[in-house]
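Here chain A shows up in two complexes: once beside chain B, once beside chain C.
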Partner chain A sequence: MFESFFNQYGFLMVYMVLQATLALSLYLPLTAGQLSLASPGFFALGGYIAAVMSTTVWATNGMFPIPYLLLEMLLGGLASGLLAVVVGVPALRLRGIYLALATIAFVEILRVVSLNLTITGGAVGIFGIPQPFNSSLEYMWVALPLLIACVIFTARLEKSRIGRAFVAIREDELAADAMGVNPTYHKVLAFVIGAMIAGMVGAITAHFLNTWNARQGTFDASINILAFVLIGGSRMTLGPVVGGMLLTALPEILRPVGDVRLIVNGFLLTLGAVLLPQGLISPRVFKRKKVDV
Partner chain B sequence: MKPVTRKIAIAFGILAATTFVVAEKVATPIAIGVSVAQTSNTALLGREQVIGAQIAESFFNSRGGVNGTPFKLFFEDTGGDEAGAINAFQTQINKNNVVAIVGPTLSQQAFAADKIADRAKVPVLGPSNTAKGIPQIGDFIARVSSPVSIVAPNSVRAALKINPEIKKVAVFYAQNDAFSTSETGTFQETAKAQGLEITTVQRFQTTDSDFTSQVSAGLATKPELVIVSGLAADGGNLIKQLRLAGYKGLIIGGNGLNTANMFPVCQQYCDGVLIAQAYSPTAAGSLNAAFRTVYKNTYKKEPPQFTAQAFAAVQVIVEALRRVDKAAKVSGAELADVRVALNDAILAGTYNTPLGTISFDKEGEVNQKLFYVAQIKMNPDNKTGSFVYLK
Partner chain C sequence: MTATDFSNIETSSHTTSSILSVKNATRRFGGLIAVNEVSFEVTPGEIFGLIGPNGAGKTTMFNLLSGLTPPSSGAISFEGRCLIGLPPYKIAELGVARTFQNIRLFGNLSALENVKIAQHTHTKAGVLSGVFGAGRAREEEPRVLAKATELLKLVGLDDLAGEQAKNFSYGDQRRLEIARALALEPKLLLLDEPAAGMNPTEKQGLSDFIRMVRDKFSLTIVLIEHHVPLVMGLCDRIAVLNFGQLIALGNPAVVAGDPAVIEAYLGGD
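So, the complex of A and B:
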């Protein structure tokens, strides 16, 4: 019974963890009040780096060595971080919906570039990416520590001076500036950390899916990740994690419903957004509990 | 649950998974999985495949199923993405306990999901995966859809038969569509091999509707043949704008334009477009006639290629199962053994399908004997039309 359960849902469980981590990459800029939808762009970049490295530079016949996977994650994260600095400094001068539009444009530019390069395999993409593990579930050994590390890092960050600076900028950028918080520095920092997380998740996901193509970093993906954060809750680290896991699992949980499952899925999302505008996990829920005690 | 607790739970799960191995048996009716895109924008193709599989299910079950044992198709939607395809395949393999899977719809999905099935030693038959490298994913992966490199050249040869004077070719393709990009490569190689000169290669997006720059750049090179690889909406608009710009020569359309959905887009300007086909509704053979009749009675039109290919995929699995069953009764046997035996049987057989006679090489690549070229003929109302098959 265990065997069939883990065989059937092993992939989904790891995918939930990966998507939850990806949700954090969008949540971080949001803590500094920046509505950035650039995560899928960095996610795609990290994936392409892993896919290209493992199929060309480190091509192996047998199992792909795990240290190389970790190295790819590092490379993916660093490359995404560098690109984020280059993109972030000018883009973060924009606010609100204009920043969102600029980041959508960024994702589109990356997508069109990857469609046109030969190294990324054009529209078909890169396939036959070497596998470091024998089953989908074993990817948990890399995915789960990454999620835990990111959650701890983000939670600690929020408690630190930098985290409070993020919140100050989110609540009132002008006032924060007047109090001596450097808005540009902190906004770019939040954006870069988010990008690095997305790049690392991309590197794992490329191996995990066994193939990588331009359909991974699209506008649709941006909206999906935004939904993870909004439905989960955008005011606490746990929010995007729960949102990412739940929304990834929901279509599969609803599989027995049959053809209308995506309609039910959409209905549940709408219901969640209407009834819980703060998201599933909001600080208010925790505060009220404390009062009761 | 704390993360550490969860980690321990998972470790325990893996341990449990390796200790309690229960061998599954083949159920009655025998389960065959069909995982194609029933939702997302890929569902336009996936729906046609579902119909083909369903026709095959009732058709072969009414003719004795697998030597008297009925079989049942399990449909698990893949959606349009890679993760969806993997989830659907996992459900087929571990929950529905199918003997084989027909699917997925897109080649990119196949690169992700087929690997999962191959590891689990479950035979997969791709009904519409045409990209290079699909049968090479693993020993358990085969396809009934001929690759682009085999189908596409037929239309170029047909064009040269109609007008042997053609020398200059202009090529257009949708660069954001995986199929179109690989198809245009084949078209360009074929054109070169036939001694034609490619004067220009113009790119567009499947989401474009204005092709003024591509059309004027393309026609400036004075082509005598235009080859378009794209999808119905964009391809149709491009063809219309080419004709409105005064282009009079022959036009070849790729497989993405191989649908009646294009007719309302380019209207009277669709007329005369040549498209290579892996399937012809008018092909000879009693099986194709029976399939065509069933389809026409329900849907009041000719069956499309995707439907015929899905029918053929189910047929191949059923006929191979019959041979496995003759050697040793399938129903009640060990599932893992049947899957391996079925894979060998699929590759070994020759099948008389609506696509004509097909067989497989040892990698799982299909050998299809007959291909067709159709020319679009529009009706006077300019909204409907038909594919007229060239001899």
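So, the complex of A and C:
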């Protein structure tokens, strides 16, 4: 019985883990007060790197070697980080909604570029990406460690000197500046770390989905990931993780509802935003629990 | 109104030993001249008062000193280093800390975190060191915590270390801002209306506190204040601004008797 459950929901479970990790890539710049929607761009870039490398340079007939997958993740992360420096330095001069708009433009530019290049397979994209695992569920072996590593990394970073600087900028950029915190440096740093996470997730996802095309990095994805963070909670590392998992699973959970499920989905999102403006997971929730005990 | 003449006389006598030197600093906002050709020097260890009616340009002067607003013209130097063109965080690194008139604490963070953040320039741990708690962070974190706790104790807020800054009373927020500024381990401390919102007893204690802080950390202090008795009793020298111009500069007794100052405060006929 368990076997059939995992067969049926293995794909969804891995996808939940991947999306939760992706949510962290948007959460990180947000800890420094920067509303960046660039994650899908870096996610797409990481995916294309994995797709191109595994179908050309490292093309194999049998199972795709896992060390190569890890190497692709590393490459995807590094390439995304580099691109994030190039994009971040000018873009992070913008504030609030203007930064959000600029990052949407960035995602769109990458999408159009990938639609028109031959190396990315144009509109068709790249398909038949070799599989390192026998089943969807086995992707958990890389997806889950990556999520756990990213959660620990982010949570520990928040407690460190750099994380404090991020939060200081979010709270009051001017005051942080006057207290010796270089705002530009730390904003770009948060953006770059987020981009690297997105790039790594992209590399795994390309194999996982078996195909990669320009529909992976879109404005829709930006908004989805933003919803993960806002519904889950933007003040604690656990927030985006829970949000990412829940919102990825929600359309599947609602499948029995039938055709109206997307309407119900949207309704639940709105309800969440109205009733829990701080998100599902917020420091306040934890404090209240402590008081009760 | 011969403001410029007056300031020139004063600056010439302090050039050698000054820690902060302001020469003909001017700041225009469109047609408004908020600070107009102001010059003064502050000597090390001094408590220097900056007073003047509302809108005289005192806070703009502080913004020029801390780099938040660049001057339109003029020169500002700290310990002989020109501050013009430096971003605020660099000026903070050099040893200039400030508080804000309209308190700018990190409201959602605890008092302890507020003070810890200001230790930024005295620590170096990078991303990986911080995440793994190794290397520099291992040595720095206990030091940062000890320093922050010590400063909270100094301002009498150690009991509230874990409380969010936004929940503090007005007076406590002012105290916390001073603790945060001191965590920068500055040489020059700029206090923008430290007594605002404090009750008479607290104001009384503030003079002693500011003197104690000056001696304990061997600071130079420049403060903006409206409460005249406090300024008169506390400051070694006072500069008076009115409509962006320096109209008087000297020790409290001299400034208090200056006809231009009396006119600025009480209005002429």
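Please note the rule applied: the second predicted complex is superposed on the first by the 293 of 293 C-alpha atoms of A that agree within 3 Å, B and C clash if a C-alpha of one lies under 4 Å from a C-alpha of the other, contacts with A are read in each partner's own complex, and residues count from 1 in each chain.
One rule holds for everything that comes next: a residue touches a chain if its C-beta (ideal position, glycine included) is under 8 Å from a C-beta of that chain, and two chains touch if they have at least 3 such contacts.
Remember, it's a predicted structure, so these values are computed and weren't measured experimentally.
Judged by the touch definition given at the top, the superposed model places A:Leu82 against neither chain B nor chain C. By the touch criterion defined above, A:Leu12 lies against chain B but remains apart from chain C after alignment on the C-alpha atoms of chain A. When the shared chain is aligned, no partner comes close enough to touch A:Leu74: not chain B, not chain C.
Of the two partners chain B and chain C, more chain A residues are in touch with B. In the overlay built on the shared chain, the residue A:Gly180 is in contact with chain C alone; chain B does not reach it. Of the two partner chains placed by superposition, only chain B is touched by A:Asn116; chain C is not.
By the touch criterion defined above, A:Thr211 reaches chain B but does not reach chain C. Under the contact criterion defined above, no residue of chain A touches both chain B in one complex and chain C in the other. Against chain C, the residues of chain A that register as touching in their complex are 152-153, 156-157, 159-165, 167-168, 171-172, 174-183, 189, 193.
Put simply, chain A touches chain B in their complex at residues 1-13, 15, 112, 115-116, 122-125, 127-128, 131, 134-137, 140, 144, 148, 151, 209-211, 213-215, 251-252, 255, 259, 261-262. Of all residues in chain B, only 3, 6-7, 10, 13-14, 16-18, 20-22, 38-39, 76-77, 79, 81-84, 86-87, 90-91, 93-95, 107-108, 111-112, 115-116, 119-120, 131-133, 137, 175-182 touch chain A in the complex they form. If you check the complex, the residues on chain C that touch chain A are 66-68, 87-89, 92-93, 97-98, 100, 104-109, 113, 116-118, 120-121, 123, 125-127, 129-133, 137, 140-141, 144, 180-181, 184.
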